[in-house]
Amino acid sequence: MENDAPLLELRDLTVKFVSGRGLFAKQVVTAVDGVSIAVRKGETLGLVGQSGSGKTTLARAVVKLVRPQSGQVLFKGRNIFDQRGKEAKEYRRQVQMIFQDPYESLNPRATVERAVEEPLVIHRLARSSSARQERTLNLIRMVGLSPEAVSKKYPHELSGGERQRTSIARALAVSPELLLADEPVSMLDVSIRIGIIDLLKELKRELDLTVVFITHDLGVARYFCDRIAVMYKGRLIEVAATEELLRHPVDPYTKQLLEAVPDPSRSAREKPSNIQEG
Amino acid sequence: MAFMQKFSHFKLPKDRRVLVGISILGFFTFVAVFAPFLTPYGPHQVSGPPYASPSLQHWMGTDELGQDIMSQVLYGARISLTVGFSVALAATFIGSLVGLVSGFYRGAVDETLMRLTDVVLILPALPLAVILAAYLGPSVQTIIEVLTVTGWPLVARVVRSQTLSLRERPFVDAERVIGAGNGRIMFRVIIPNLLSLIAANAVLAITGAVVGEAGLDFIGLGNPSVVSWGTMLYWSQNLNAILRGAWWWILAPGLCIALVGLGAVLISIGIENIFNPRLRGR
Amino acid sequence: MPLLDVRELCIDYRLQTGYLRAVDSVSFQIDEGEVLGLAGESGSGKSTIAHSILKILPRSARVSGSILVDGTEVVRMDDRAARAYRWKVVSLVPQGSMNAFDPVITIGSQIVESIRIHSRVDKAAAWKRTRELFSLVGIPDSRAKGYPHEFSGGMKQRAAIAMALSLNPKLVILDEPTTALDVVVQRQVLGLLTTLRRDLGISFLFVTHDLSVLSEIATKVAVMYAGRLAEVSTREEMFASPNHPYSRALIHAIPTLSGDLSLVKSIPGVPANVLSLPPGCKFHPRCPYAFDRCREVEPRPQRMDNGSIVACHLFDRGGKAGGE
């Protein structure tokens, strides 16, 4: 594969849902509407949008949790929905995802150790059970957790940040090439969000990952992403390098979005303008 | 070793209600098993005057033949509890299997299984029981079969409902993304998360089964020559024990049925705490 | 006289195992026409304070200290007085209220109902008032008979605000009013609040974990940590030069659109667990400036020369201590 070819490419991807069953009027919702975008190897692409923009559905399509009505998702040039058997299973090793809700994305009945080792078991990635255990402990350490402290714990015994780190360890167990992160910090306390993002940054560098980072928070996107793609109501509005998008947005929606984001640094520098002093 | 690990998160229930429930069921189980050692009389042994009120020789009095009622209660526990536990186990197992498969695979499988479940649910239980019992002949075996047949659909519905909701949870999505197939998801994820529900249902089914057994015996579908709490009620009713003032004949088995039922309910209330690592707490 | 004067407020929740202190000796004031932003993470106690002002904490909760609203003591108010006070002097837009509307009753009817519960007006008057409120918050009159599912998220939030304004309160408490909203809609709602403040002279207590929102709307910001007040400062002071190490760290933990990204840092450790708090200053395990006294003695909030209130040993004995 040439270095220029994108790792992941979406071509005119469209995903629709039918809502309402039985007697109720069936409504078709177009969650993703003809989106085309390429993700280069090694980049961190931010997928930014508000709720209902389709960003999560897009991610779910890339990990084959939903099927598109039309369009293609190409990973290394191959259409992922054409894959069968071994190739399909191999895809699960190459592309992974971490989810938004730190509690709901872990099996409540599995310990941290069991959760993190599971992909190793499924894909038979360890020569022996002791090798597997060692790799599991290393993974737990890699995400900044202490195996002695958390291995045998259940999700409900962990803090939100610890749960997300566990999910990250699980996703990275198979050494994927592409990692999708769906709002991984929006349900965490503000003070620890950057800690998790920094972890992702570091892991990305160490493991040579390509990351698609989904968020509604433009500040976090700016902090982490090389390029930002803006979505609105299922459509891709604008894609550009981060600083370029933030300084010279082209589309009116992007401009409106950027305008609307509260910017403490701005208000710290300015005198209060639109708010009268009491 | 792994098996032991699985139960290592069993915390001994601190909930008083659960302890009371376990004590009650434990007591009756003990009594059933050790019946011969706990009473000098056999259940069919004529050991005293008929309709004797409770006395030191006969703690619960005697029946119309002079047989000791307490012995009947103790030996009868064997039948009643056997029916109770077997039906609970069988109905829960069948119901859970149907509910799990139905809820997990959905589509045509779900439709078919649910139609079947609905058919059995719609049939009125008592007439169905009568017909089946008439066909199979009066015996303890019949009662177990009848109660199981009428009991599994409810469990199936409940388990299916919970399965449907579980399979939509993000951690099931996460399992798919890491490459787990249906089998793995069902056994490693769905079933462990259903266990507390299934266990609670199973225990609750004991109540229904014990009461159901009594009911079926009472209307004569059981084998009247077998001694069980239900047949005791059958005989006491048929021989108009109340009119003769032999209240103890009705009270003894009736109270036992009520207590076992209560014990089971108390346990099922506390089962969430026994099985689940913990209910959600963020 | 300040509109809201909270002094040494302590709130304990009753648990199976005893009492848990959720709020410890918190004092702050809101003047007329001010917007106080009450910021904190989970476990900070901010929602608890909001509920205590409206006296809607569970009965088993223990409240001590003083809450003076327009001169009236709220903590020791009896039920009858509380019913007369709620919604007329202080009202609340609770967390998630936009989703708390009854789905089978029209929004207009629900507001009318709320008006009639809290005051003795007839239906016609209540409807008239409801229409007034709709126009006040920018919902077209035609929507008055609409059902919740016909309203967008932003409109539902406006309706919730309308409900809170129905009896002309002097102070409106908003608990995470924009958390679930689109950033564009959030901007509109904040604009609405600013307009209401300007036109009606209402004061707001804005409870949120999202500090950046407060940079838009608040005149004063109070930061809480583990049930205690860390700092109260004007908005400018808080965002330009926060004093308390926690506020400072919190501001720097938020990546902004135009600020210096190299200053962005996470706060080590985990947010305090109210069930097991350390001795001394509750923030000391995560504080880069902690010294011995911090581990032993809890710092009391102190007023500094510029008017800010800070609870930190670095600022003991008044005035700004050194120590960057």
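Chains: A, B and C, in written order; residue numbering restarts at 1 for each.
In this text, a contact is a pair of C-beta atoms (placed from the backbone, for glycine too) under 8 Å apart; a residue touches a chain by one contact, two chains touch by 3 or more.
Worth saying up front: this structure is predicted, and the values here are computed from it rather than measured.
Taking the mean of C-alpha positions as each chain's centre, the chain lying farthest from the centre of chain C is B.
Ranked by C-beta contact pairs, the top interface belongs to chains A-C.
Per-chain Cα centroids separate chain A from chain B by 48 Å.
Put simply, the C-alpha centre of chain B and that of chain C have 53 angstrom between them. Rounded to whole angstrom, the centroid-to-centroid distance between chain A and chain C, based on C-alpha atoms, equals 32 Å. Shown for chain C are the residues in touch with two or more other chains, namely 42.
Touching of two or more other chains is recorded for residues 282 of chain B. Looking at chain A, one finds that none of its residues touch two or more other chains.
Contacts from chain A toward chain B in the complex involve residues 60, 63-65, 89, 92-93, 96-97, 99-101, 103-110, 118-119, 122-123, 154, 156-157, 160, 167, 170-171, 173-174. Only residues 31-35, 41-42, 182-184, 186-187, 190, 194, 198, 209-213, 215-217, 219, 235-236, 239-240, 249-251, 253-261, 264-268, 270-271 of chain C touch chain A when the two sit together in their complex. Residues 9, 169-171, 173-180, 184, 188-189, 192-193, 195, 276-278, 280-282 of chain B are the ones that touch chain A when the two sit in their complex.
Remark: chain A residues 50-51, 159, 161-162, 189-198, 216, 218-220, 222-223, 246, 256-269, 272, 274-278 touch chain C in the complex.
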